[in-house]
Amino acid sequence: MFDFERLTIDDVSRFYGRRRALSHVSLSLEQGELVGLLGPNGAGKSTLLGVLATLVSPSAGTVHYGDRTGVDGGLELRSQIGLLSHELQLYGELTARENLEFFAGLFDLSDPAARASEALERAGLTARGDDVVLGFSRGMRQRLALERALLHHPRLVLLDEPFTGLDEQSTQTLSDRLRALRDDRRIVLIATHDHDVVDGLVDRAVLIDNGRLLSLDGSDGTLRERYRSAVGSRR
Amino acid sequence: MMAMSARLFSGLLAVAAIMFVGAPILIVGAPYESTMGLIQKIFYFHVPSWIAMFLAVFICGVSSAVYLFRGKASADRLAATAAELAVLFGLMGLTTGPLWAIKAWGVWWQWDARLTMALILELIFIAYIMLRAYGGPGSEKLAAGLALFGMANVPFVYISVNVWRTIHPTTDVLPNLSASAPGMFWPIVWCFLAFLVLFGVLLMARMRLEALRARIDAIHLALEA
Amino acid sequence: MRRFFQVAWLVMRKDLRVETRSWEMVSTTLFFAVSCVLVFSFAFVRGGRAIEGAASGILWIAVAFSGTLALGRAFERERYQDAMRALLMAPVERSAIYLGKLLGIVLLMATVEVVVVVAIVFTFRAPLFAYPGYLAALLATGTVGFATVGTLFAAMLLRTRSRGVLLPILLYPVTFPVLIAGVGGTVALMGADPNLDLARFWTALLLFFDAVFLTLALWTFEPVMTE
């Protein structure tokens, strides 16, 4: 089965008319990395995630998943990518278990029922497994949605604003889960505008602003300070 | 490249102008058709507008397919241009048709197969333009899908309206005037060529506008780099 | 190949399941379709008798209008919570998702049509049940044709501004042959002197339309759904 160790974004740009959503973005991510993609709203974070998820094709440049590119990766590529949107992508009218079983079937997993039960356990929702998702709190839906995105054990995990609307407890749970993914040698990329929450969580942080990428590595000051100075200096 | 096409453009424009000035002369000289009298002469403009519209529809459909499956931006510009030309020439055809009908048969519209097909195509390509105008970013690909479906629809509309009409026969609005009288041959060929040149002129002008827009966008993008 | 149809089936089953929780789409679409028929009956029935051929036209108008409504609603569900993007991430030919949605829509429209036919028989006293097999074939091929184009367009417009009004603007001209063929075939079946050959012709034309446009839709689904 297809797998890859390194994700390379090679000079990727994406234009819409004269609007630059992404401009000459280059980045490399390895297995076992937890990377923060920071930036203000409208900076291009979601577009970049879309490109990495093969939902958006770049106007220029290539994305390399190991030795395959995004263009000729084929549908096998998608079996190694997990995307969690900001909106959580769950069917409110279905139960938690039904949601998981549906997606397990969609991802061609053997024994969807068993995988769904495992996922429910990981999310800590076994007791609510047969309740309709509409009645869940944001934190519960978040946990369920994350497990939904991870059902097929993808190598690349893309998360768009996963910490939105979560209370402290849920934030902690999510952070722990993400660390576990990193330790499991996945490539985890979190897009968020909330630099405080990812400080200390991510191994590396990059800033995207107006479609351009800037590294935020360094040991001088907290992530917040580095972010502020990077964004501030660009105004 | 630009200089060459600028010369070509001016040349074609001059040719088109000359041909349209000359057209009425030829049309006046052409013989009258047996039954309809003067009004029949509208056919010299009516039929070529038709053909121009179909050409535009075909170009739009094919370039839309190229854009959808190959992603070439120039194909998208060609499709947008062709759609506008389809609407324009379609409008000419849809105006001249009823004008002819009202004078010749006393009714504006007779659900003639070809006129109805043109009307449907006109609606499809007006929808194309609306989609690009109101759909927001990314609607170019969607419009391309619509154009492809529109082009594929042509035979179905024609067959269905044609068969529908044979069940409800009405006077044939557009009889086949291909070789009714020898004197009609040259005027129709002249007008056909005139429309073709006009089509080319408008296509070039509009494409140039789109290409310039793309250039400006590219400059904007490069500037902010 | 097997996987393709399996995914389509899964998507359709999911849609059915979601629908059976609330029955919202079926009930609202049914209600709308029947209201359509009633409104038209006021317009086209004079002195207890229907205007010649009105019933056939109204049948297909009700199908088209309620179908458009259902299409909008069906994809609104996928838009909500960005579910469509999750579907597009499945490691399968993306057009399998299209097929699954199409099957669901056809099922919904078929359900509505059964009720609409009955409603028309009552309000117009139209002999729609004279040739039930022929009528069923006509409705089946016509519905598939309408839904084939409609499902693609509704999916296409998922993230588009003004999608509510743009769907009918795009859909009706392109499905014009379906409506002509449907009405033509229905008219041929009713009336004092039914023309079964003609009805067969229209059904065959619709079948051909379905084949061409289904192929086109499966072909173009992925390019129009990805940016």
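Letters A, B and C mark the chains as written, and numbering starts fresh at 1 in each.
The rule we apply is simple: a residue touches a chain if its C-beta (ideal position, glycine included) is under 8 Å from a C-beta of that chain, and two chains touch if they have at least 3 such contacts.
Owing to the predicted nature of the structure, the values given are computational and were not obtained by experimental measurement.
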{"item": "Chain occupying the most central position, where position means C-alpha average", "value": "C"}
{"item": "Chain of greatest Cα-centre distance to subunit C", "value": "A"}
{"item": "Of A-B and B-C, pair with higher C-beta contact tally", "value": "B-C"}
{"item": "Centre-to-centre distance between subunit C and subunit A (centres being mean Cα positions), rounded to whole Å", "value": "38"}
{"item": "CA centroid of subunit B to CA centroid of subunit C, Å", "value": "31"}
{"item": "Whole-Å gap separating subunit A and subunit B, where each centre is the average of the chain's CA atoms", "value": "49"}
{"item": "Interface hub residues of subunit A, defined as touching at least two other chains", "value": "57"}
{"item": "For subunit C, residues that touch 2 or more chains besides their own", "value": "227"}
{"item": "Subunit B residues counted as touching two or more neighbouring chains", "value": "138"}
{"item": "Residues of subunit B defined as touching subunit A within the complex", "value": "71, 137-138, 216-217, 220-221, 224-225"}
{"item": "Interface residues, subunit A side, partner subunit C - complex", "value": "50, 53-57, 75-79, 81-83, 85-94, 98, 102-103, 105-108, 132, 148-149, 152"}
{"item": "Of subunit B, residues touching subunit C in the complex", "value": "68-69, 120, 123-124, 127, 130-131, 134-136, 138-139, 141-142, 144-146, 148-150, 152-153, 156-157, 159-161, 163-164, 167"}
{"item": "Complex interface listing, subunit C residues touching subunit B", "value": "149, 152-153, 156-157, 159-162, 166, 169-170, 172-174, 176-177, 180-181, 184, 198, 201-202, 205, 208-209, 212-213, 216, 220, 223-224, 227"}
{"item": "List of subunit A residues in touch with subunit B within their complex", "value": "15-20, 23-24, 57, 210"}
